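Each in C-alpha cells, the structures are laid out below.
Each of the next two complexes has subunit A plus one more chain, namely subunit B in the first and subunit C in the second.
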Partner chain A sequence: MREKAILVDISKCIACRGCQVACKQWNKLSAESTKNRGSYENPPALSENTLTRIIFQEVSDGKNLKWFFRKEQCMHCSKAACLELCPSDAIYKNQFGSIMLDSRKCIGCGVCEKFCPFHIPRINHTTHKAIKCSLCNDRVANGMQPACVKTCPTGALKFGFRDDILSSAHSKMNKSKKMYLYGENELGGLHIIYLLTQSPAIFNLPKHPTIPNPFEAYAFLMEKLNSELLNQNVLTIAALKYFGHIHA
Partner chain B sequence: MTNHWIDIKNSDCILIIGSNAAENHPISFKWVTKAMEEGAKLIVVDPRFTRSASQADIYAMLRSGTDIAFIGGMINYVLQNNLYHKEYITEYTNASFLVDSNFKGPRDLDGLFAGYDSKARRYDKTTWKYQNNMDGIPIKDKSLKNPNSVFQLLKSHYSSYDLDTVCKITGTPKDIYLKVCKTYAATGKIGKSGTILYAMGATQHTNGTQNIRSYSILQLLLGNMGIAGGGINALRGENNVQGSTDQGLLFHLLTGYLKSPISKDVSLAKYLERVTPSTKDPLSANWWSNTPKYVVSLLKAWYGDAATKENDFGFNYLPKNSGGNYSHIALFEAMYAEKIKGLMCWGQNPVVGGPNSNMEQKALQKLDWLVAIDLFETETSIFWKAPGVNSQSIKTEVFLLPAASSVEKEGTASNSGRWVQWRYKAVDPPGNAKSDAEIISRIMLKLKDMYSNGTGSAAEIIRKITWPYGEHPDMDQVAKEINGYDLSTGKLMSTFAQLKDDGSTSSGTWIYCGSYTEDGKMTARRELDDPSGIGLYPKWSWSWPLNRRIIYNRASVDLNGKPWDSKHAVIIWDQSNKKWVGDVPDGGWPPIAIDREKTKLPFIMQSDGVGHLFGPGLTDGPFAEFYEPWESPVKNLMSENQNNPIIILWKSEMDHQGSPDQYPIVATTYRVTEHWQTGGMTRNLTWLNELMPEMFIELSEELAIEKKIRGGDKVIIESARGTVEGVAIVTKRFQPFKINEKIVHQIGLPWHWGFAGLSKGHIANRLTPHVGDANTTIPEYKAFLCNLRKA
Partner chain C sequence: MEISRRNFLQLSSLSLAGATLTSFGFDLKKAQAYADSPELRIRQAKESTTICPYCGVGCGQIVSVENGKVINIEGDPDHPINQGALCSKGSALYQIANNDQRLTKVLYRAPGGDAWQEKDWDFAIERIAHNIKLTRDTNWIENEKDIPVNRTEAIANLGGAALDNEECYLLSKAMRGLGIVFMEHQARI
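Presenting the complex of A and B:
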C-alpha cells in the first residue's frame, strides 16, 4: 500500500484556522475555555481536546516583518518514538503509514506524551487515555480527505500519496529557491511534509529529531510506578520491549 | 464586483486596499494564491500588517482615511511617467472630452470644485459638464492636449499628489510607496492586468464614495476595466448582501438600481423624465434609456392587474421621498428625536453594529415598540437589560421573532461576483423559527386583512399589492416573479431586452430577468464546463446581467475586437460569423474599427458610453480629492479645506467631535476571521470563542512603551463618544506613522463583541461617530480619534 501524507505549504497559509475547527467538528472535541494572551494564537497548546492548531509567530529583522503560521499536529513518523516506547503496544501503524492509537490497549502511562520528539500526544485526564491526530483514519479509510485538508481554502494543505506529495514539494522548491522541506527524511520520513519559507529552526522544529533512549522511558515508568501504582506487569513488559533485543 | 471571485486567478497584480481579504474573505485567497503561483504580485495596503499582508510581496502602511492621497499619488505616477494605456483611454474613456471652460478644480479653488455654496453646503454642478457640438455630442480632442480636455484636467488635478506630499499625508515610507506605484503601474502595459479588491475599509469614510472613484480613475488609466484579472471588486461582507442591494435594500433605490421616486415625481411620466438619461451620440447605447420598460415591468410585478395604463401602472402607490435622508444614521437620529416610534430590526444588531452605539441604544429606549428578528438573542433585542440600564425605566415593548438560518430555508443568495445561486433547505428550523419569507408574508397577509375595509391611500395601496404567496411562500414562485413574465402568453421572460413599457410584461428586478426562464431555473445549474479557459463557468448558476461574468467586457478588446490579452481572452470578435465569442458581451454590436456605423461604445451603462475619468455624477466633485477624516490628528496638506465640505453631520446632544489635543491617537475598527459582524451567531459558538475569546485592542510596541502597557494587560480606549475596554495585543504589526514630521500613533479594535451571547465584551462602536459620507451617508467607522490608558 502506498503511504499517504499531508503537505503543509506554509507560504499559502492565511491562518483562517478552518483546520482547527474542522478537526474539532469531525472528532467531536469540546471547545476549550481560553483567554486572549496578547496574541491571536489559541488554544495555547495541544490538549486532549485540541489535536491540531496554528502557531502564530511574528518575526522581524528590523526592516521586514513576517507573520508565520504553522499548523501543529501529529507528524506520523515512520520511526515513531511513541510506537517504539509504548509499553502496552497501544500504538501501531496503519496501511497508510499513519500512526494509530488503540485506546482499548492504552494504559495512560504518559510515555508517548513525554517522549514524542515533537511533544504531540496528550493524556486525557478524565479517561486516562492518550489522544492525538489519527490523520483522520476513519475518513481516509473511506476514501475521503482528512477534515483539516478538506476545509483548507487556500491549498496550504494537500493530501495524497506520500511519494506524490514529495515530488510536488520538490517541484515547488525547484521553482522557488527560498523554500525549505521538512519531513522527507526525519525519523525515517514523516507523513506531515512541511514546505517552509524559513529554516526549520525558526519554526522550532528540531533539526535532527531522534527517538529518546529507552532507559529514560524506563526510568519515567519506574517513577510512575511509585507515584501512581502502575501495574508491575507494565514495567516488565516495558523492560522486555525496551531491552529484550539486547538479551536475545 | 465588476469581475468575479475565480477571475482573481487571472490577475498579474492584486492590490488589496480597504480590505483584509485573507481574514474576512478567506476563500478569496484560493484564487489569490493561484494567481501568485503564476507569478502575480500581491500588494496589501493597510494601516496594520494583517493576515492578508502576511502573504504580500509588498506591504504598504497607510494612516486610516488617507486612501485618496495614496491612490491620487499612484494616478499622478502613472500620468507623469506615461504608463497609462493610451489607446484605451482615448477610445473607451472620456479622457479626450472637453469640459466646460468655466469648470475649476481644487488646485484653483483651494480644495473646492467650482460651484460650491458654503451656506447650503452643496455644489451647483452647472460647470461640471462637457462642451457639446451643435448636435449635442461632446467635443473631443483625441490628441489629449487641449487644456480643457478631461485628460489635461486630470493631470493638473493630480499633479500636486507628488511623492513627498502623499507620503507626508499617508505615513507610508517613500521607498515602499514607490515600489507600489511601479509594480501596480506595470499593469498599464497592454496584455497585463491589475485588480483592486476592496471592502468596508474603503467605503466607511466621509470620503468613501470618492475612495472608490479614485480606484475607477486608476483602473481606467491602466486599461484594467472589462478585462480578465482586472476590475474593481467589492468584497461583500455578508453572503447575500449583493442580493439585498440588487433587490432594493437601499433607501434611494428600487430593485435593480432603479432610482426611488421623490415627491416632485407627480406622475410616472415626470418620474421617468427625471430618471431616464438621454444622449444624442449615436455611438452611445445609453442602456439606462430603457428605464421606462424596467419601471413599468416592476410596477406590473408588484401591482398586477391593479397596474393599468390609466393609473400610471400604480406608480402613485409607491412611497415618494420628500427630500429626507433615510440612511442608517438618519433613522437613528430620528428615533432619538422621537420622530420614529417603531422599528423592525431584521437580522441587524445596531446596538453593536451601529456607529455611536451608546446613542443608538438610547434611541431604542425612546421607541414605543421594537421587533427584532434574529437567530439568537442579540444586544439589540435585549438592549433593555444592557449593563447599567435600569429596565424598569424603559417603556419600549420588544418582540423577538426567531428566524431560520441560511441552511434552514430555500432560495437564492447572490455573491460578490453577481452569481445568483440557488440553495436548498438542509434541515427544518428549530422550534418556532421561521424563514424570512414566511415572516414577511404572514405580516403582509395580516395587514391585508386589517386594511380590507379601510379607507385612505395606505389601505388602497395595501389592498392593491399583488401577494399570491400565502403563509408558506413557494420560493420558486417568488423567483419567477423576480424574473418576470410575458403577460400575454404567461410565459417566463428570457431576457430584459424584451421587457416593455406598455404593461404587457412584468419583472420584479429587471437585472435578474433571465435567471428563471422557460428553460428552467438557471440559478440551480451546476455544470463545470469552462470553454473560456479563464474560469467563467457559464453554466454554473447564473450571474446578472444576462449571465455576463465580466462586465464592460467590450473594453477587453482593441478596436478590431481582438483581446488586449490573448492568453486571457474574455470575448473575441469572430469576423466570419459576425459575432462575439466567449463571455456574454456587453451588447452584440460589432467592434469600432469593423463597423463604425453599427458599433456602440463599451461602457453602456454611462449615457456617454465611455468610462468616466471625469465623473460629474457624484455630489462632491468629478475627481477624487483628498480631505482629512472628520476626526484627524493633523491639518490637511492638500488644501485649507480640512474635511470634505459637504459631509453630512448631525448635532444631537450625543453627537460629539473629538479634538486631537484630547484624543491624539487614530483608531479604526475591523473584523477577524473567527467572528462575523456583531457576533450574533459566532459568539454563540464555543469553537469560535475558543479561537478568539475576548475583545482586544491592537497597538504598536512604541505606543505600548509610552503608555506602560504590556501584551495581555487590560486597556481602556476613550473617544469623544464613549469608552471601551479590551485586552492589549502589543505588536510589531502596528507601527507609528510619521505624518509630516510628526509621530502619529494608530490603534485598531474589532467590533464583534457585545453584552449578549456566550462570549461577552465591550462594544467597539461606542467610540465611532455619527458622521456620513457625502454621497451615501455610510458612517465613518474606519478613522476616528481616541486616547488609551492601562485599565
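Presenting the complex of A and C:
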C-alpha cells in the first residue's frame, strides 16, 4: 500500500495550537497544569498527555526578532530507532508506514524514550507504558484524516500519500527558493515532511539523525535490570535482537 | 471452534509448519501489521451539528453522542465557514460537557450573605421565577408615547461563551416572551 504522510508547512502555521488540543481531544488525554515561563509555548515538553505540541522559538539576528513555530510529534521514520531497539517488539510499522506502539507488549523499559533521535516517545509512569503519536491510525484506517490535520485552520498541515506530499512540497520549493525540505531522506524518509522557512538547525532538527548504537541501548537496559520492570529474559531477547539481527 | 482429536492433530502440524516457516525467516510481523485495522471510537455514535459558541466566527461542529453522552466534537467539513477546521478553543469544546470541575448542584448566596449554600433545583427555579415576576411587574412599560411596547427595562440577559447555539436560541425565545429587550452575548453571533 502507498504510504501516508503529513506535510507541515511552517510558513502557514500561526501557532493557534488547534492541533495540540484536537490531538488531546481525540486521544482522550488530559490537560496539564503548567507555569508561565515567559513564552506562549505550552506545555514545555511532550509528555504522556501531550503527543504533539507547537515549539515557539524567538531568534534574533541582532536587529530584528523573528518568531518561529514548529509542530513537534512522532516523525514516523522509515528506519525507526524505537522499532529497531525495542526489546519487547512492542513497536511495529502499519500498512500506512506509521510507527505503531502495542501497549500490551510494552514493558516500559524506556529505550525508545532515551534513544529516539527526536526524543519523542514518553513513558507514562502510572501505567509503565510508552506512549507516542500513532498518526491517528484508527482514524486513517477508517478513511479519516488525523485529528491534528483535520483541525488545522490555515492549511499548514496536509495529509495524503507520501509521494503526493513530496511532489507538492517540491513544487512549493521550486516557487520559493528560500524554503528547506526536511524528512525526505532522513532515516530512510520520515512520514512528517517539513517545509521550513529557515535551515533545519534553527528549528533544532538534527541534520543527520541516526539510529544509536545498539551497544548503548544494551548498556541502558543493563542499568535498568535491577528495577522490577525488567528481567533477565528481556535482556537476553534484547541481546539476540541487537546483536543477531541488526545489520545497520 | 470445537477441537476434536483429529483437528487437534491437524492444528499441531499446522503450527509446527508455521514455526518452521518463521525460523526460515518468514516475517510474521508484516502480517500482524496488515491485520491492524482498529474500529473508530465514534462509529456507533449519533451525530448532530452545532455552532462553536466561543467567538463570532461561528465555526460548524459535529457532535458525536453515544448513550446520551457527548463523546467527541470536531469540525464540520461541510460547514462553509471553517470547512472542518477548528482552533484550540473550538477543539476543546468537548470538555464543556464532560468536565469534573462543573458545578453539579445549585449554589445560593442569600442577599447580604457571604457564604454559598447548596440548594435543590426546586428552590432555585421557584426563587428565580419569583424574582423575575416581581421585577417585571414593578417595572412594566406598557406604552411609550402612546405606542404599545410591552417591555421591561429592569432585566437584562447576558449570554456566555459556554452556551451553544441551541441554548442561545431557547434563551432569546424565553427572554423575548418575557418582554426583555436587553440581551447580549460575548460572541455576538
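To be clear about the criterion, the second predicted complex is superposed on the first by the 241 of 248 C-alpha atoms of A that agree within 3 Å, B and C clash if a C-alpha of one lies under 4 Å from a C-alpha of the other, contacts with A are read in each partner's own complex, and residues count from 1 in each chain.
Going forward, a residue touches a chain if its C-beta (ideal position, glycine included) is under 8 Å from a C-beta of that chain, and two chains touch if they have at least 3 such contacts.
Computed from a predicted structure; not experimentally measured.
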First (subunit B), second (subunit C), both or neither touched by A:T34: first
Subunit B versus subunit C as contact partner of A:V21, first or second or both or neither: both
Which of subunit B and subunit C A:K93 touches, first, second, both or neither: second
Subunit B versus subunit C as contact partner of A:F69, first or second or both or neither: first
Larger contact residue set on subunit A - subunit B or subunit C: B
Which superposed partner A:D138 touches (first subunit B, second subunit C, both, neither): second
Set intersection of subunit A contacts, subunit C complex versus subunit B complex: 16-18, 20-21, 24-25, 31, 153
Partner subunit C, residues of subunit A touching it in the complex: 16-18, 20-22, 24-26, 31, 89, 92-95, 100, 137-139, 141-142, 144, 147, 150-153
Residues on subunit A engaged by subunit B in the complex (per definition of touch): 11-12, 14-18, 20-21, 24-25, 30-40, 42-43, 58, 60, 65-69, 153-156
Residues on subunit C engaged by subunit A in the complex (per definition of touch): 29, 32-34, 36-41, 43, 72-75, 77, 82, 84-92, 94-95
Subunit A-touching residues of subunit B, taken from the complex the two chains share: 22-23, 26-27, 29-30, 32-34, 49, 51-55, 59, 672-674, 686-694, 696, 710-713, 727-733
